Amino acid sequence: MKIKNKQNLIWHVVFILLVLLFLYPIVFAVSTSFKSLNEAFNSTLNLIPKEFTLEAYTSILKKIPIVRITLNTFAIATIVTTFKLVTGVLAAYSFVFFDFKGKTLMYFILVSTIFIPFTVTMIPNFITVSKIGLRDNIIGVALPQLADATGIFLLRQHMRGIPRSLLEVAKLEKTPHIKILSSIVVPIIKPAILSIGIIFFINSWNEFVWPSLILKSREHYTLSLALQMFVSSEGGTDIPVAMAISVLTMLLPLTIFAFCQKHIINTFVQSGIKG
Amino acid sequence: MKKLKQLMALLLAIMMLAGCGGGKSNDTGDDTSKPVEITFWHVYSENFGAPVIKEMVDAFNASQDEIVVIEVYNPDMYPGLMQNLQAEVVSGNSPSIVMIGYNYLKYFAANFIYVTPDEIIEKYVPEDKDYLSTTFLDNILTLAQVDGEQVGVPFSISTPIIYYNADMFIAAGLDPENPPVTWEEVRAAAKTITEKTGEYGFYMQEYADNWAVQGLLEGNGATILSEDGKQAAFASPEAAEAYQLLADMVLEDKSALHITADEGIQAFINGKVGMLCGTSAKIGTIQSAAQFDLRGAEFPVFAGKERRVPAGGNFLPIMAASEEEQKAAWEFMKFIMQPEWLAKWSENTGYLPPRQDVAEDPDGLKAYIEENQLLGIAFSEMDGIYSWVAFPGDVGTQAEQIFANTRDKILDRSMSVEDALKEAEDALNSLLAE
Amino acid sequence: MNSIRFEEVSKSFGKTKVINQLNMEIKKGERMILLGPSGCGKSTILRMISGLEAITVGNLYLNDQLANDIDSGDRSIAMVFQNYALFPHMTIEENVGYGLRINKMDKGEVKKKVVEVVDILGLNGLEGRYPKELSGGQRQRVALARALVKRADFFLLDEPLSNLDAQLRGQARKELVKIHEMYNQTFIYVTHDQIEAMTIGHRIALMNQGDLQMLDTPHNVYHRPANVFVATFIGSPSMNIISAKSAGRELLVGPHRIELPDMWLAQIHRSDSTNIKLGVRPEDMILSKNKENLSVPVDVKYVEDYGNRVGYYFDLGDEEAISIMSENIFGTGDQVYWNIKPDKLHFFDADTAQSLGYPKEIR
Amino acid sequence: MKKKKWSQTGREHFLAWCFVAPATLAFVVFMFWPLVYTLYLSFLKWNMVAINKVMVGLKNYEAVFNDPVTKKLLGNTLLYIVILVLLIFVLPYILAFVNTFVMGKGKGIYKTLLFIPSLISLVVGAIVLQWIFNPLSGPVGAVLGRFGIAMPSWSKTKGLVVLVISLVAVLKSFGYNFLVLLSGMSGVSTELIEAARLEKTPNRKIFGKIVMPLTSSTAIYVLIMSIVQGMQYVFTPIKVLTQGGPDFASSNIIYGVYQEAFGYYNTGKASALSIITMLVFLVLLFLEFKYVEKGVYYEN
């Protein structure tokens, strides 16, 4: 028993250290964002600023339309999330509750898109979006991301957990499929849809490469792009400002997670890759 | 679940706001008299130049109501902007005015569609016939010329200078009144600083280009291109000797830093490096951030040899396609080329203005230069500036990458200076031969 | 009037045939039991009636109308599933009223009908709860209520009691019969439990491996099984099946010669072969110390005391047989006599396993 | 037009396709068509701007194979894979085992806490780590400095640069992988483990002989996703922090494609390289379907 307790303690220490390592970047960013430039450089190890200053934040407010940029990021993430969920739920429903020729092949094809590296699609998609005239437009950012293979995969896993008999009850009552979907399937897997939606949202919120190709003017920037306006390889990065805008970027994802962490964690623990 | 619902409702509300905001902004400039919209692409971030660029644009937009200029920032300096420009052209668009680094002059001229200032003047504004020749110095105008054709108007000019931390000089027992003049003295001073203070003595900026190194190599009598300008020819003993000096400082003396530009300049500002060899364009940034006695010295020479200072900076070609946009672009160009704006630009960054009268204007920059020792140093170098080597054709983009890789190979000891230079020269020449 | 008719219906899943040329008629208002071991195809029949499974070959008539292509929603079907299939996100009231609401019935009307069945099934007070807050028995009633409220022509039940414990099951059986008598719908009831089959059904369709083995009343299924499968499937413990040979007026069972009772002669000689199977239900196998005129001596091999009854094992020829009696009077090794009651015998053709029929003396 | 009554199954089929259609359409336009187009571009010499596209056959592929940089990219890619597999697959796999079967009370909180960094964007992660590892002014340098160790300038040091950039991807995927692996572990019956414990089987053996075989389909899924996503996750930090430098030491095939395309405008060569990348991924996809999807089917 004693050995077991000791072993347990050691592992807890290992995990606590790991958690500290993993959370340190966030703490570092928050702490640095409230420091003065000088302090950021000279007392980098201090986690609590000696002189607490909002300078970095006020300078961001002054220099860029941060509200506008936040709203842009929000709008893109919302559009992307909505579409990915709608297309994903429909496709997953079809794969789980319909029987049709080529179903397995179709599923294979859709899910295989996870394996297409984005550099393969980047150039043609860039040309497509430009030709439609959606450069420098948040719709252009959202457009190539209206469906998501991982989402279909996860939603399918969750739908498979619904007993088929529930649908059969509905069928006997002549319930149309779209109604079965909306009034039975969706409510039952709502927690999963919500969690997957949140992950979609956060991923879109955090996106960088694609928006950086599409968006040009400051009014249309997203938070990630705004960040790069303050950090550039040409030197002279104002680190508190860079950290402040990093903090602003993290704020919403962290808040959402704080509210829904149980759901999110449960969804992924349940789905894993099993049915 | 309840919390979730509330949260979703909140998110939805924010989204609606975003949607409304979007709607409004798209409606700007109703149907009545639509002003011409032109875009101006530049490379300046919030910490470096962007505030002045915005001020210029705002002032121009406020000064009249026919033209609206939209400024667009492109990260990662000239290579970053070239990437974006390429992508933009692929998509069938182009900015109206674009900022091109001198090193991409030939590549730009060979691959992009633009309209020369002379064409615009001839077609629409014959009254500006003498504008270029009377406004700009001849040797400055040539910076933006390919085979005698004026591709764009020179906007910013920078020279490499030495910034030094006088406090660290004193701490190391060096005389801050007599900064090193030759490269050999730079090496000795750096060594002393490292020995005495434990901090690094020297850092030469490491952007993804060859600009500062070109100054170093040419100062020792090397050339980058062959005499006919068609071949790379920098694998010479002179070049190797000069490069070796930098390598020795990094590898042997361990007195010089080998790090990315962002980190290196930051380290200097932070008092971790005694001397910085970098572009004068950073004067504004460094001055506003440094908390020590910051001073400047001219770009070093090799004992007994002539100082060679490559001109950094950028010019502004016009890519607008329609007549009204071209006219608008020209208007805007002339607006920002006014002495007071150029002076402001110089004061804030450290770039040198392309027109002489700016520096001589007693109400403008002249007084400022007298006060600002660093800018004065940059000005004093301006007479003898040479072109920053631009490689022709498609090689233009790869050349800078090859130079940057060569520097990495030399400074992390994975290749000898001679071999690295030879390899780079061969690589460039084979690209040129294609 | 027939309410359901199968005409040469076959069903295959890919290459596996699960129903083989089924012909069956179910009368209106009848309680039909589909009985058989798991995998025999009984649920498939139910699902074909409901339309949830398509018919591969053959025709299905519902109310004398060809129904192969009628949508399940248009067949007037109510169904109770084995797992009850209650919507976890709806309250009991919502679950019960689901079908009515989805078909746009007036809200007040829905309420009225729901209240009615909720009353009948004694679910009062649970209307606002969610399925996960109910016990197994309550859930089963909710499933029943949801099916009842619809007043469908056909009431399909797929092993509705299999998830209940034994006590509840007995009670539920009686309730089901009562409910059927109230509404008089056509009941099709799938089960693998013969007690349910015997007690609930008007008629039983016994299935095995996709083939209909027998379709008759519970009484006949028990007393006049059509073949060896039916004989052994119904009744517990199973009917003893003993290989025998007929030789003129005698029957050879292992070393024993038994004189054939007169009443059976005609049936036995109907078979071309002399190889037959003799069937005796354990409870009809009377052992005694006293020899009667038609008897076979046997040695008690093993005794099992069940409390209320006792089972005696012995060998008859190469086969083992069991007798169930009410008293524990013999011990292992005892020599006793099996006194044969001629009217309690069953004879089957050894090759076809079909019953050789019953003499008219047996009802 | 004649009114045709659809059979039930016919209608269901039609509806089934309708439901799959939106996702399919999105994938066709923005995934499959680009794939085909990229394949087409890989046979051309084109700089994206020029009007003329020259058909060059397999020249681009030849160029890719003859380019010494390709070897470097592949080598780095392999290095990234090794580091990432160790840090976001092997490590969380072991820790998930420890967390599930070795640890007692209070272990549940870790999965939530470790998940938090995966909410941070890659750019933010890249920039924050850049500062944490800044050799002159960052906390790591400061700590090492106290022990008298000079922090090497990682962004210019081969090998180290790959490690630091990998850490950004680690920050992003560790928590998620840990979670998925935990869920795989929860499928292993505790009785099995307890039975092994009664035999005094050491934990090392329980992991190797019991847990690993029983969680293999989850593990293979995580392994493959670690490689496929990890390769793409390091793209952003490479682009933001090093642009592939020093001397391609931090570049991988994904960034190589980007640089060829948007840096040098060698669209053809970039496409050829991305098609090669695609083929590598295809092998992984095959493995995924062989082990993971099949496993899922068996379970139902």
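By letter and in written order, the chains are A, B, C and D; residue numbering begins at 1 in each of them.
In this section, contacts are C-beta pairs under 8 Å (C-beta built on N, C-alpha and C of every residue); 3 or more make two chains touch, one makes a residue touch a chain.
Quantities reported herein were computed from a predicted structural model and do not represent experimental measurements.
**Q** Counting only C-beta pairs in contact, which pair of chains has the most of them?
**A** A-D
**Q** Let me spell it out: compute each chain's centre from its C-alpha atoms, then which one is farthest from chain C's centre?
**A** So the chain farthest away from chain C turns out to be B.
**Q** Between chain C and chain D, what's the gap in Å when you average each chain's C-alpha atoms?
**A** Chain centres of chain C and chain D, defined by C-alpha means, are spaced 57 Å apart.
**Q** Just curious, how far off is chain D from chain A if you go by their C-alpha centres, in Å?
**A** 16
**Q** Provide the C-alpha centroid distance between chain A and chain B, rounded to the nearest whole angstrom.
**A** Each chain's C-alpha centroid was found; their separation is 36 Å.
**Q** Multi-chain contacts in chain A: which residues touch at least two other chains?
**A** 41-42, 228, 231, 233, 239
**Q** Quick check on chain B: which residues sit in contact with 2+ other chains?
**A** Residues 76, 87, 90, 208, 260, 266, 270.
**Q** Scan chain C for residues touching two or more other chains and write them down.
**A** Touching at least two other chains: 51, 71.
**Q** What does chain C use to touch chain A in their complex?
**A** The touching residues are 50-52, 71-75, 77-79, 81-83, 85, 87-89, 98-99, 102-103, 146, 150.
**Q** For chain A, which residues count as touching chain D in their complex?
**A** The touching residues are 4, 7-8, 11-12, 14-15, 18-19, 22-26, 28-29, 32, 40-42, 44-45, 83, 86-88, 90-91, 93-95, 98-101, 103, 106, 108-110, 112-125, 128, 143-147, 149, 152, 157, 160, 177, 202, 205-209, 224, 227-228, 231, 233, 239, 242-243, 246, 249-250, 253-254, 257, 261, 264-265, 268-275.
**Q** For a test of understanding, state which residues of chain B touch chain D in their complex under the given definition.
**A** Per the touch definition, chain B meets chain D at residues 76, 79, 83, 86-87, 89-90, 111-112, 208, 257-260, 263, 266-267, 270, 272-273, 394, 397-398, 401, 404-405, 408-409, 411-412, 414.
**Q** Across the complex, what residues on chain A touch chain B?
**A** 37-38, 41-42, 63-64, 68, 71-72, 74-75, 78, 126-127, 129-131, 135, 138, 194, 212-213, 216-219, 228-239, 241, 256, 259-260, 263
**Q** Where on chain D does chain A make contact in their complex?
**A** For this pair, the touching residues of chain D are 12-13, 15-17, 19-20, 22-24, 26-27, 29-35, 37-38, 41, 48, 95, 98-99, 102-104, 106-107, 110-117, 119-125, 127-129, 131-132, 137-139, 142-143, 171, 174-176, 179-180, 182-184, 186-187, 217-218, 221, 225, 228, 231-232, 235-236, 239-240, 243, 254, 257-258, 261, 267, 270-271, 274-275, 277-278, 281-282, 284-285, 288-289, 292-293, 295-296, 299-300.
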